[in-house]
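Two complexes come next, and they have one chain in common, chain A, joined by chain B in the first and chain C in the second.
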Partner chain A sequence: MATSFKALATATLTSTATSITFSSIPQTYTHLWVMGQVGTTYTTGCYMYVRPNNVSTNTYDYQLIYVNTGGITQQSNSDTDKSLGLVELITSTGNSAFTGFEIVYPLYKSGLGNNVWIYNGNTQRTATSNDNRGVWGTASNAETTAITSLVFSLQYGASFDTGTKITLYGLD
Partner chain B sequence: MADVPMKLIINCETGEQTLEPHTEEEIAQMEAEAAEAAIRLAERTAEEAAKAEAKASALAKLQLLGLTEEEAIALIP
Partner chain C sequence: MPTNTFEHLGTTVVSGSSTTSIVFSGLSSWTNVIFVGRIAQSSGSTRQMNVNLGGTQAFQNMYASGSSGTGVPNTTRATGAGSCDLTVASVPDGNGVSFKGHLIKQGTSRGYFLWEGGFQKTSSTMDFTVSNAFTPNNVTSVTFGFFGGVLTAGSTISAYGVMI
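Showing the complex of A and B:
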């Protein structure tokens, strides 16, 4: 059980935005935890991206292990597949519905061997559709660069809607 | 004129929040990444469809050999 738990920052949109950045993340905790409720002005299916440190040159870039009912079927944590790191958080809901999500970044500080877990609170695993859960920074493709910022964005052309709320927590 | 894409930045140390427009460079990068993502997504979709088709074909052939559907499924990951 965490001995220290603190909300570091909360982004609450009062107007639309195409990206949300948490910068200057303190390096004084052991883990990061993100909880969010996200809506979009987009009226068709929409994906959300999460890019630690806003870099495009290492294994943090849009990485995702792609999971379905048969297990891990596609692992996108390679540079060639970096653009596959899509988290489908919003599915044709238009601007009236919000999707909950959770991301945990255990050991986010430099040298600790980061791993990531994403849970999409909106999409349930079914026999025919893919679940959206992911980890990256696996043993075979570890990413140990400290996470100092997190950038959330949607697919090009989409905006986060008013009312979108994302909170970043630090845990020990 | 199209709306300028805006970005919200939250400084976790100070709590300061700023809403500002994306730069032209950032917008160009987003456009390029979107194009790349569309290609990758199409490739992934095609690959999944091919896998599903192959699996269905294999299941059908196993059933022709006398296996039940459950037995055939158990043989194919």
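Showing the complex of A and C:
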């Protein structure tokens, strides 16, 4: 049986950029998996967002469980987040504070219910502390369109730092 | 012995409306097994998806629900023999539960199962559950069971074997 975890595309930044786009995603796999290491030049911390198909309307929702020095807590997005069509993923602290993450998109080609994905990320808060986060995102207004592109960006229009690397995988 | 380090073990796609369980067997050769899926149940007021790992020692859940600024993580610990019920949640009509499960069993005495799943709760809200469980080290099959409603056609679970 063939190996079935294939790297479809990798974005590696040799200069800063405000967005990273994976377009023309093949519709030949069952699931998608994204892994990355992300840094930002923004110095006070910002969120990273991902927009399937670059949809920016009022469609997204999430639940977040995270642990930091203050203990464990839960958070969901605000109406403002939804109106922006953005999904909070991780915070970065700027300047070489790279953070790792993974996102799984089950059945990205079809709308069995709405598009929902699973996120795990680790946030470096300071030089000596970090958060663990799990995010659950959904396009809550019947966003069932097949995912053909993914656009990553940062809050405040901040830039991804040089060395940021994100890879998109397809799973049979 | 598997020849690949990451192998697609199979994908089950529900075609009818009578499926109450999905089983993946023949897992003994792998040190890790990853499950990825999306299921929906079309009826029933209480719909759940559970995972039977074939003999359970303990599991714990974290659960997030509600609107911004409300609710707290909910932890649950249960012990006992028999099946390991890692409940995701009830599933509204037509909306899917997406999940990823990771069975790690290269240990010498017991294995471990990490489950992450969530679902769209209403037209504009969703819930999220993280569960982990100790398992026997020699898990050879995993059964996903569905209760309280019938699966919607197209519900899908894939299994991947990983050697590390």
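Here is the rule we go by: the second predicted complex is superposed on the first by the 102 of 172 C-alpha atoms of A that agree within 3 Å, B and C clash if a C-alpha of one lies under 4 Å from a C-alpha of the other, contacts with A are read in each partner's own complex, and residues count from 1 in each chain.
One rule holds in what follows: contacts are C-beta pairs under 8 Å (C-beta built on N, C-alpha and C of every residue); 3 or more make two chains touch, one makes a residue touch a chain.
Only a predicted model underlies this, so the values are computations on that prediction, with no experimental measurement involved.
In the superposition on chain A, A:Q155 contacts chain B only, with no contact to chain C.
After overlaying the two complexes on the shared chain, residue contacts for A:S19 are found with chain B alone; chain C is out of touch.
With the contact threshold set out at the top, residues 73-74 of chain A are in contact with chain B in one structure and with chain C in the other.
Interface residues of chain A, counted against chain B in their complex, comprise 8-11, 13, 15-26, 56, 66, 70-71, 73-74, 81, 83-84, 86, 153, 155-157, 159, 168. For chain A in complex with chain C, the touching residues are 1-5, 30-31, 61-65, 72-78, 82, 104, 106-107, 110, 112-114, 116-118, 120, 134-138, 140-142, 171-172.
On the side of chain C, the complex with chain A involves touching residues 4-8, 11, 36-40, 62, 64-69, 71-73, 94-100, 116-120, 122-128, 130, 152, 154-156, 158, 160. The residues of chain B lying in touch with chain A in their complex are 5-15, 17, 19, 22, 30-31, 33-34, 36-37, 39-41, 44, 48, 77.
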